[in-house]
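First chain A sits with chain B, and in the next complex the same chain sits with chain C.
== the complex of A and B ==
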């Protein structure tokens, strides 16, 4: 039966495919996504396989596509994603694709290198332009200095420029100069090096270029400065040139006279304009090529990945002795054999081959993979279960039960109607806008975690609203829908004389409790926690024992399905008796105490906890109140039976197995005994510790309620204490803080905490009663799966 | 509200959700592959929610101690909830 209760029945099949038809058949099976191929050549490495060349070609194509994609992204062109799912192209189409990609790649590379050369040229011309402009300033300043020389109160420059020295000293000095451009950050070191190397006999002037210029290779914006160095003589010239080379400064020829410089300037400007035009045209051409490529690139990616996937799969097949057909082995669900046959037929027809492909069922002793057919609701919960361990083949799948029990246990720990409403609305938005949000393909990991669990969060929110209604907790306030259970009990005089009074239920209890949930009077009571502790602890124990009993019952279903009657007698029955005698009886006592002891008998009500301890110690002190006559005898009987279950679980099965294997079959008694011992101890100790572990339902619910109350009294209440004009503004501000803390601390943080604890309760306390979890997942050959994961290798 | 009435109504409601609805689904949705899931969901919801309501109800059926209130609160409640104008 195809239900989620157990994993699907799987069968091992052999496929006989003719070599020509193999490609198309595998392509059809990939679209179907229902078979898992087994590798028939596990000893071959990647280079010994049959289709290694085709895979190499595919990887080349992928590399070219990735290069194109990078270029497209660099230009910020949007890539069209039509959501198309093109079929895997035939092998002869592969050659066409390869040619197209090759052409595109070459074109892009050419355009890129051209563009780089042009930009370098552009950079040089720009730097030259700046030099010509700035050196004008230097020479102008020299004129100013020249004038200043005659007036010693102006200027302090000691060195003059061409011709100026000659006026003072009367001796003609030929000063050479070099002009160039250097990165701004290198100037101090450059200056120091010059000073040291030339012993202070050179003179450097520099001016910053305001605009940052684009480096042609890296594309970064760099800040540079123009410098001009004056020196005398050839030796210094060669030294200066070497230093400039070392600091990677670019030198430019700068004419001496102003008119020459102006001419050069004009020429440089014209050339810069021309270059700008050419650069623009090159950019346009590149853009056009990329836009044309961007239209198809997603489809190409899909096609190439599909081809690669097909060849990887074909590599797993065996070649027949006659070299004419390929043999494959695969796992597939029994219920889908018809669809697989049809896919094979389609594939054979498409390839034009006359020989039909054959599917042959094989019987095997190997354990098949575990396959659960999930829909979008159940997939989330199945993931939660699988995260702990994949179910063994055909054992009971806890996932369908987890759909309700997990959100319910979460809600018991989270129980607040207001917070539950926030969670529910958030999940509702995600569910209603499912299609649009999925189409956006947002990459954020946290978002995809929340989105993937939207149905889980929806149910968690819904159940939290219910448990919040029962706990009567809306943002730490209570609702009074059905009338309070208490009535007035005090005279005005006693009210005047006291600060606090405790209502005695003997007088004030109206006789009927609050209809649904916790009475609202408790929310204003000072001893609220004393009451809710009792309620929540007992509820936790009852829920815990119920879930564990349910788990043991599921193990019975497993034993019956796998036809192990010995397990039923030796494990299931003693387990049930043990759990019932120890904790089922306690639950009955809880219900009895609630219903039997009215408020006037309050003094006689026994403590269940002390009672339970005394039960196991066989200790019944004289003054203790009995719940019913014959209680010591009956409880003693229960304890004895529970203790007897332990050797029952421990010894009966190993001896039975030994008896069955008495005719010389290989049987390791010690091994079986140790195994059984481990299981017995695990179960018995587990019963006790897991029952106590369920008390976390109480603990987290208490913490949540207290946090919520503290947030209200410490934060929100302050907003109501203001008077006058500023009151509304202060209220808005305080509400902002309160709302922010509510969402961040109480919904998100407490929600994650309760989620984790509910998960633990399922994985450990519930599943340890019946779940083996030793299977492996069914991973079908499916394009959908491969394309979603970006084309990883099988 | 009468104790018996409340217990009767709530038990009947969850019985309807947990026993009657799955039987209805058995006949109306008998072809759907998800029928089993819906049935399990309904039954489990009914059982869990009913037990949870029952524990909260039975706990308050015979309270063994009452709430401790400040006197101001008692005065306020006497006026608002218990309609005692003498305070």
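== the complex of A and C ==
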């Protein structure tokens, strides 16, 4: 187990693989996941490589599997995920797999096309059934109307000119008609069109079909209507038919007489029943095929992806001149060379090759990749660091320090025992139920972010409880655990009729401080904010300066490791002196003021802020209060030293480098000078602005405390203000809202903001002191990774 | 079997909230009962006549309210817990 402080030592290796053993060896290495192959044919495009055909076959198989998966999902059949991980199949098994998938796909396609045709048939028949049923009423009505229309006419003109009335009255006017089915939403437009095109000479009747029908192609449910159009004459007939065509209405032949219609209806019914049984059988067959496929589909996916990954990797190898062996180059951790050797041996044995594969270390000038071995706790923090920049090779990795300092700085801003507890319990639940939750594979971005950071949240919650304990805040209320150290003997009698009692800190303080944290008496004090502000600002400065100092100290370890003594003398030492003279001294003064001034002297204690300003202005007015004698002289000395550090950082290194390069080596003095100037300015200005930046710890902590107090007084307090029997019920409702607002606003939103600020303090204020972050990540060839990411690889 | 009234998420939410309510309101009632000075601003004292005894009475009344509210949350918790059990049994039978 390597340490987290620096990334693993990496080495570049050359692999000689017998061409028959290459496949199995790479397969073993993929299971191991400790080797990053380099592409040795970067100039070739994907089609010029050796194993294009195999990859194409794999992609074809994947496509078929995806098709099957889609069909399985459509039918809602659960896919069995046993979680087992089959080995990559041997190349010859690929043909079997291909045959299986081909067969399945063809079967599926056939079933689908069959069922589509059947469904279309079924739809037509049902539509016809509806037509026959609905049109019956239309015909009845039409006949009735017809008679009503013609009888008076007959009565008026008793005798026709040609004497054909008797004939006409006997049989109704010869009206033609067409019947069909149309989508319900098209009806109004259809009607209007018919009216206009035929000048009102056609008669349209329509009725809605109650049940929605399934569209055989898309599978959507569609609402339709039956219609029948009466008209007279062939011209109108052709016109009506054209309109129907234009509106995509399906027309059905409809017999004219009732008896024929009845007969047809019976025929249709029997055919529908037959179709139903056939459809059911097709569905059953499809279901059987899919259930059988669903059992294996996950395993198939894994197998195909593994084969594809192997060929993809083999494509990066070089072919030996004799065509007998493949040459690969790879990065691997030095400590794991033995395991890689063993894997190669296993691979060779499996392939049955007699010639062993050879692993050969190479020396190189290239920068190796950065590889940190993390467990599930440290991985989250490593991700926070890597999001800023991957560490340069063997550089100090800030992640192990971040594990403590990140939750702590977060908690300084989020300090509240109640909110911390909520956060802690949530994270604890995720940590305890880790396995079950992981197995669920919830595909939600917000959830996976929280779940991925569960250990970070757990620590943040725990640390928040600690800082909340120090601030003595539980949902903005204080706890009196160790006995309040502010005492005045008020009796119940002295409280009667005396609404304005005061506690003066001078006199009521017992002399011994409250054991740990803030005295609970502050929670009822009017000047609580003034007091906590001073406390929190000072703490922020102390925490900030110590973290920056720590960062500078880490840069010393880096300089020593990379053997750059010049950087120690020309950068590290002046940096430490500069930071100490300006802000380290201020921290000492803060501690001094905390320990040496009692409440009696509070009135004439010196102001540290004014003192710091005076220090830099070399200006000490007569009435200014000094902390110790000789303060102006010493402070002046510190400022002068700090200022002298600036040219030390700026000039010494470039001139030393120029001196070293005096014997003719190429040396660009201006370049070095500019670089050093930038670093110096960045550090000096950075020290000041970063110290100020750490005051966000105070600002956010204040904001959080105030917001939670406001929520209590504006919401929760309402619940106590009721009288009578309604009071408990109102309390229940108010608590409900208060609890919701607490979680949403104070825990989630404030938590996110505090998280971002803590992140910034680490990325900018802390890491800028020592971290380069110019490396690149070690991305080993690993099945685990490929399978987790659904086989997307570059 | 009676079908559950609340959905699985709602009943989980309600049971978590009621556990919180039971613990917090129970403790709050205790703190009102011992007349914690930090809660003086939370008792209804708009028209206080200024006597100590009335303040004590208000404190105790508020404490009782808290406990009754906690009791209501106990009922809510039992209800939502039963709902949750029904859901988990239903989903167990499904699979």
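One rule holds in what follows: the second predicted complex is superposed on the first by the 745 of 794 C-alpha atoms of A that agree within 3 Å, B and C clash if a C-alpha of one lies under 4 Å from a C-alpha of the other, contacts with A are read in each partner's own complex, and residues count from 1 in each chain.
As a working rule, a residue touches a chain if its C-beta (ideal position, glycine included) is under 8 Å from a C-beta of that chain, and two chains touch if they have at least 3 such contacts.
Remember, it's a predicted structure, so these values are computed and weren't measured experimentally.
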Partner chain in contact with A:233 - chain B first, chain C second, else both or neither: neither
Which superposed partner A:721 touches (first chain B, second chain C, both, neither): second
First, second, both or neither for A:515, with chain B first and chain C second: first
First (chain B), second (chain C), both or neither touched by A:246: neither
First, second, both or neither for A:524, with chain B first and chain C second: both
Partner chain(s) touched by A:486 [first = chain B, second = chain C, both, neither]: first
Chain B versus chain C as contact partner of A:86, first or second or both or neither: neither
Contacts of A:219 with chain B and chain C, given as first, second, both or neither: neither
Comparison of chain B and chain C by chain A residues contacted: B
Chain B versus chain C as contact partner of A:542, first or second or both or neither: first
Residues of chain A at both interfaces, chain B in one complex, chain C in the other: 480, 492, 495, 498-499, 524
Contacting residues of chain A [partner chain C, same complex]: 477-478, 480, 492-493, 495-499, 520, 523-524, 713, 716-717, 719-723, 727-729, 731-732, 735-736, 739
Residue ranges of chain A touching chain B (in the complex, touch as defined): 2-5, 373, 375, 377-378, 400-401, 403-405, 408, 412, 466-467, 470-471, 480, 482-488, 490, 492, 495, 498-505, 508-509, 511-519, 521-522, 524-528, 530-531, 534-535, 538-539, 542-543, 546, 591, 594-599, 602, 605
Residues of chain C touching chain A in the complex: 17, 20-21, 24-25, 36-44, 48, 50-53, 55, 62, 65-66, 68-69, 71-73
Of all residues in chain B, those that touch chain A in their complex: 1-3, 6, 10, 33-34, 36-37, 40-41, 44-45, 48-49, 51-53, 55-71, 73-75, 77-78, 81-82, 84, 86-87
